[in-house]
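For clarity, chains are labelled A, B, C and D in written order, and residue numbers in each chain start from 1.
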Amino acid sequence: MNWNQNKAENVHIAYIGGGSRGWAWGLMSDLASAEDMSGTVYLYDIDLKAAKNNEIIGNRIRDVEGAKSVWEYKAVETIGEALCGADFVVISILPGTFDEMESDVHTPEKYGIYQSVGDTSGPGGIIRAMRTIPMMEVIAKAVQEYCPNAWVINYTNPMTVCVRALYKTFPQIKAFGCCHEVFGTQKVLQEMLKNECGIEATRDEIKVNVVGVNHFTWLTKAQYRNTDLFPLYKAYAEKYRETGVPRAHEGNWVSSSDYFGCLEKVKFDLFLRYGAIAAAGDRHLAEFCPGDWYLKDPETVADWKFALTPVSWRKEDLKNRLARSQRLVSGEETFKINNTGEEGVNQMRALLGLGDLVTNVNLPNMGQIPNLPLEAVVETNAAFRADSVQPVMAGALPEAILPLVGRVAAEQEVIVSGCMNRDKEEVFRAFVSDPLVRLPLNEIRAMFEEMIEKTRSYLTEYERA
Amino acid sequence: MNWNQNKAENVHIAYIGGGSRGWAWGLMSDLASAEDMSGTVYLYDIDLKAAKNNEIIGNRIRDVEGAKSVWEYKAVETIGEALCGADFVVISILPGTFDEMESDVHTPEKYGIYQSVGDTSGPGGIIRAMRTIPMMEVIAKAVQEYCPNAWVINYTNPMTVCVRALYKTFPQIKAFGCCHEVFGTQKVLQEMLKNECGIEATRDEIKVNVVGVNHFTWLTKAQYRNTDLFPLYKAYAEKYRETGVPRAHEGNWVSSSDYFGCLEKVKFDLFLRYGAIAAAGDRHLAEFCPGDWYLKDPETVADWKFALTPVSWRKEDLKNRLARSQRLVSGEETFKINNTGEEGVNQMRALLGLGDLVTNVNLPNMGQIPNLPLEAVVETNAAFRADSVQPVMAGALPEAILPLVGRVAAEQEVIVSGCMNRDKEEVFRAFVSDPLVRLPLNEIRAMFEEMIEKTRSYLTEYERA
Amino acid sequence: MNWNQNKAENVHIAYIGGGSRGWAWGLMSDLASAEDMSGTVYLYDIDLKAAKNNEIIGNRIRDVEGAKSVWEYKAVETIGEALCGADFVVISILPGTFDEMESDVHTPEKYGIYQSVGDTSGPGGIIRAMRTIPMMEVIAKAVQEYCPNAWVINYTNPMTVCVRALYKTFPQIKAFGCCHEVFGTQKVLQEMLKNECGIEATRDEIKVNVVGVNHFTWLTKAQYRNTDLFPLYKAYAEKYRETGVPRAHEGNWVSSSDYFGCLEKVKFDLFLRYGAIAAAGDRHLAEFCPGDWYLKDPETVADWKFALTPVSWRKEDLKNRLARSQRLVSGEETFKINNTGEEGVNQMRALLGLGDLVTNVNLPNMGQIPNLPLEAVVETNAAFRADSVQPVMAGALPEAILPLVGRVAAEQEVIVSGCMNRDKEEVFRAFVSDPLVRLPLNEIRAMFEEMIEKTRSYLTEYERA
Amino acid sequence: MNWNQNKAENVHIAYIGGGSRGWAWGLMSDLASAEDMSGTVYLYDIDLKAAKNNEIIGNRIRDVEGAKSVWEYKAVETIGEALCGADFVVISILPGTFDEMESDVHTPEKYGIYQSVGDTSGPGGIIRAMRTIPMMEVIAKAVQEYCPNAWVINYTNPMTVCVRALYKTFPQIKAFGCCHEVFGTQKVLQEMLKNECGIEATRDEIKVNVVGVNHFTWLTKAQYRNTDLFPLYKAYAEKYRETGVPRAHEGNWVSSSDYFGCLEKVKFDLFLRYGAIAAAGDRHLAEFCPGDWYLKDPETVADWKFALTPVSWRKEDLKNRLARSQRLVSGEETFKINNTGEEGVNQMRALLGLGDLVTNVNLPNMGQIPNLPLEAVVETNAAFRADSVQPVMAGALPEAILPLVGRVAAEQEVIVSGCMNRDKEEVFRAFVSDPLVRLPLNEIRAMFEEMIEKTRSYLTEYERA
């Protein structure tokens, strides 16, 4: 890239998973809105056709209403072509297909184990990690080879283990992981301020201290100007602990299906147990707690007013997105530039020197959370400035929460180590400890082997051992 | 004390809980066998009569066969009389009576929660901690006032939180906690060496690296001369995982009832899950694991071939010991000097400069286990030398075990903090997280309040809040 | 304070040392320029008359050209009146008079020891710490009593030990220390960019990573947009190592005398030795290095092109400032609103929620510099947001610099401990190690006692020992 | 090796530097005295002839009076022959010849810098490190290849950086470094007990807590039975601070020349400055302090009553030892078995399971000294047991000493890193900071280059850069 007065030009972004019909379109929209940047986005995907479609879609955007900058999109055939010379690398991949995810999420149901998401933790998250981590190693090595100074932004789940694998593979990598679940919780606080106090605040005005691991993140401070939001939240949690927040059970922060929504009852229960604000959707939070708390069976889930997201829904949704892709490619539908509310582009701007930013990211623990293991990937706020991302000292996890989150961080270290060693038995040691997996050892073994068998084509590297 | 050539004379030992009819007699026996020490043991007990009886019993021992040194026993009416000028302080108390313990252990059964011991962790251990910690504070303050340089040896449970409370109250205290569960595990290894290899080794020749928290301690190395015992143990665990060790279901290392025995199946299951040797009796180990693993219900316990120790048995046993005390006082029965296998007296000898010793103790973590929290009380080996106990660097808990043990250490920090603050709600935050307590929040609250109500007379200091 | 739309009103600032004729006027100027804040500044000073004069001066400013907000100034007779209800506390005091400082700086010259500033480190800094720390304890206790939630901004030297004493006295204090020496170094980089590359950048655009202790701070990264400034700086240091920067030897960043200027030769020498940018004026840097490097004798100092600031100059300068104060009070001179370049007011704005800010401050080490001792006060960047200051993870000091800076941090811990214990001998253990004090033990003792004797009236509390 | 009842037979020891005419003979003597061990010692040396001579000498010892066990000695031509199958590896080499050492010690004298030993720290120690570390890397790699489970005992100086290089090269190495300087200090305490109190204690009865880095080690506790030796030592230091200990200026603990002795004046001065006992010979201690304290010039050294050991003496002494070697080989002189007082053989016995031992060693810091950097090599006590060496938690360096020792540890990390990277400039960054090197940068550079030039044949690997 180069500077032209106060504008960063010829910015080179490599998008790994560039055939995506979700995140990629969001990024395109946000880039088009950034008037002080322009450049090229190289789209790399194992599904080249999908990348080519996004090339077509992307190159039309400059002409859409609201486009403030010009970006060129190029689908490329190799990861090297995408990365060579990159300033930024975006990783947003699906590890395997929804068939593998179907096994991750639903095979455990045979054994009486229910998962609301199944992509982060629990048996599904662990098997997904086995597929994903080797892919992250490939990407990290390619970054090391082609663009060692690029900033790498990961959106792929399981977030924690992905970022950890990037750093273990190439320790000098300048990578971080982004997730919007904390934003969603800021919005819950916004909603509270409005409903209970009649105050209209922007999300950005809700200043929070973020501490934890991705999808099991906690707020230990939430402040609006000179108002401490904790006493308000306590009253709010007590008021709605039984009923949940009185809103239509309408989609949460990402998608628009009932399968993603929640009425914050899990969040409130956790607050009443521990005194801090759990900062992710209830579907994610539930998966980090002992299985009999919120995920015992579908009835329990219904009582808690969140949902088990079936993979069948994801498959159906994909069809709709494919159809939309066709319409965008053919020109039948016109791309609309909307602010996604994601911060990826603002993070890039800050890294270019176009305005400091403090926001939450996933990074190896250098001490920003003193009572979690060093190097484990944790989620806290960080200061983004020119060519620099530095986590702020988030402080220790509250004593009462440490047993829960510390356990998660420790388990994820075992998962990463096991996967990078391609050592099934090491991974199994995490699997037997997972709080959703509460079975006798022989049943755990049976479930583990069945899940591996069903996703075998992605796990051939583990067969050596 | 003073030195007379190579003998330590006028050693002053204060025994808090000096009316004990178990540990006290064992100490008397071991002291009588130590030919290079002599002195006075001051017996302090809230049951003065019991202490007086032990004075009579103790003062007879010097004339018994096998007595190699002379010790004087004196029951005293105040803790100050016992402590003033002490070289050593032994703490071995029962916090409350067996009525309170009955509530600790059996009230949770109403809620479907079973405990095999109920004095360390789980709901029973936590409520017991609430009673015990204020007593430890009293003792620590008295030590600070009367004998700040004395070495303080604690045998009281819950060990971890007792030792932590001593140090939090008087940070310069020279205290440590002793427990024989690791010795029991060394004996399992001795038995294995004999059964499987025909080798007769002494317990002391089985060198182990100890790492963990009391009653949930792990061995990461076990060596007999140049033989690494881990491969042997792995085969042993696999051989007997279903049946348990083929021995009569006869008492374990302390007592002689079926209620204390186990066939090591839990130990073997944990080895097969995690690859390290859990080093305590199965009854203790089970209580640190999620409740549905080994303690789901009495049938599960029976399958795992250990036992739920009913407090009714302890009450019956106490009657027998009281009767024996009467016989010893009256002279009807003669005291027998036996080596108890405990190490308290050898530890005292080492502290006096009578021979270095390396053995396991409970001490605040100064880094001997780098991946557990600093200051939390942990169990490792330590070097005992003249006026010095220094833990050895035990090394990190294995990654796969960290999620389990780290959770325990973190929970116990919350318990100690809550108890020292006399803050029921803070204690409750540990209570809701305990892996044996897996109930909805309102049921946990009901159980917690019922357990407190039933032991109310010992918990009046918590009522302020 | 309270909010009125987007403006913070009734902000209460307590100024300790409110009779100041330097910093206080600067703050007045910056406050007058802040259009989104207004309120009252309570001026407390042991010299009440001086505070009263500043009340008069301050209350006139609202009518001066450029005043964008109204602030009321009130001189008060007790610290409690100043602090009660404060939102912010500013500490800017002179510990003792310039007579004491004259002894600090010039007594060591009798022993062959030269100091360029004498207020931070070295014999002068240590004796000054002995005077200052007890004052900081008084202030911290008053903050605890009157305004425990206020934000406390310290400008007093020795900065590191002052901030440490505030936290040791009242651990929950929300205090930080501000210093402009890093800004001065950013300006050196600005000047370099302009001279060597013809680029005009603002100070704020020079993004630096700050790591070290106050006045011996280092930059491990300096970035302007996408330009890494280190290679440039290396060439610059080599180019001007002998001559210094070719500029008139005109004052440095604060004052306007030859006694404060430098031509950066020390800074360049340190860069060529260690490869990182020392970020303070050369007068300060020199005092942390072994005495024979830059401060051997006045000739050596002249060679290095910085200056020994005589206290006689400070006394003369004070006279001028007093005269100016009289003119401002009498109305003979009109106050001018100028941007001082200090960040105190912007920090306050960020703490009120009026815009996030990342800048350098002095705070206890929570791990932001992993290889300096925890709790020692260190200087790094921090994120300022609503009611929150969180240091960013600055990363480890470079290996080659650690021996120097680690030594300083360790020495300052001894100083603070010794002063807070009012233990002269403990302070003396730091004194004998200071790199400027290179004398036989008996001479060190003589100098130490002489310096204490000469400032005795401020050190009576140390006489007990 | 194998066990035959209670005896360890066929123990295989590899001696790297097996042509040694000092340490090797001591080891031979101690091995001959150990009745519960026997085996073979493989002697490897770049001077094969010297090793062959030692083979002859060693094989005669079994017949000498006092020999209690039979050891076979074999000179071998390759390091692989020595290491293959080894249980223990002893490293005791001279890096280069005394010609190189002559440059290390005496070249700096041209620049006004005096060194009393010149093999550990200071300019001589640093250049010696440059020669030695590459040799340690070769040895560590050979251990990894031929005997990864062997215990490796290093005696070579500079101790700290040697052990660090072994671990950095092969992190799983089971290595430690042994040094007798602490024993010497225990003997000073023995002597004190005898002279001042009339008590005869053995060295082993003086229990000390060791904390620091090799040759700059400190005792923070010294206990004889129930006597704290610190108050005695304080009086002793004050009594003899001027005169030194009233003993003939006769050799210290190793050799028998005036060039090795001292009257403990440096030790006493350091105690009076810092309140802890410096535990090495004064010649070593002086080299870690700022150069103008004890090593300013030969007169200063004479005042402090220790000596600058000239390398010419070492050359002369070598001649004598060569002559003695000839007499031992020819049979003209008979080998005498004497207890050397070294602990190497007892350490081996403990590692074999023949008796636990607590003694001081040099090992990477795992937290045994919490305020020194992790992984830096430090000296503390450790527990030796079967196949295990575990440092005891020595505790933090006293605050007043931390600035001195922390600086050393940090400097040595730079040296090791620079040498292992073969990066002269990185080494130079340590060189410029060394407290003996107090010169302007250009003179430091000249001295550094001259010292390298004079020892160039051993430093060819550094020429690449």
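Quick note on the criterion: contacts are C-beta pairs under 8 Å (C-beta built on N, C-alpha and C of every residue); 3 or more make two chains touch, one makes a residue touch a chain.
What you see is a predicted model, and the numbers here were worked out from it, not measured in a lab.
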For chain C, the least number of touch steps when starting out from chain A: 1
Farthest-lying chain, centroid of Cα atoms versus that of chain B: C
Separation of mean Cα positions, chain D and chain A [Å, integer]: 54
Separation of chain B from chain D, taking each centre as the mean of its C-alpha atoms, in whole Å: 43
Centre distance in Å when chain B and chain C are each reduced to the mean of their C-alpha atoms: 54
Touching two or more other chains - residue numbers and ranges from chain C: none
Full enumeration of touching chain pairs: A-B, A-C, B-D, C-D
Of chain C, residues touching chain D in the complex: 269, 272-275, 290, 292-293, 371, 373, 399-400, 402-404, 406-408, 410-411, 413-414, 417, 426, 429-430, 432-433, 435, 438, 441
Complex contact set, residues of chain B against chain D: 1, 3, 205, 207, 209, 221, 223-226, 228, 352-353, 356, 358, 366-368, 370, 381-383, 385-388, 390-395
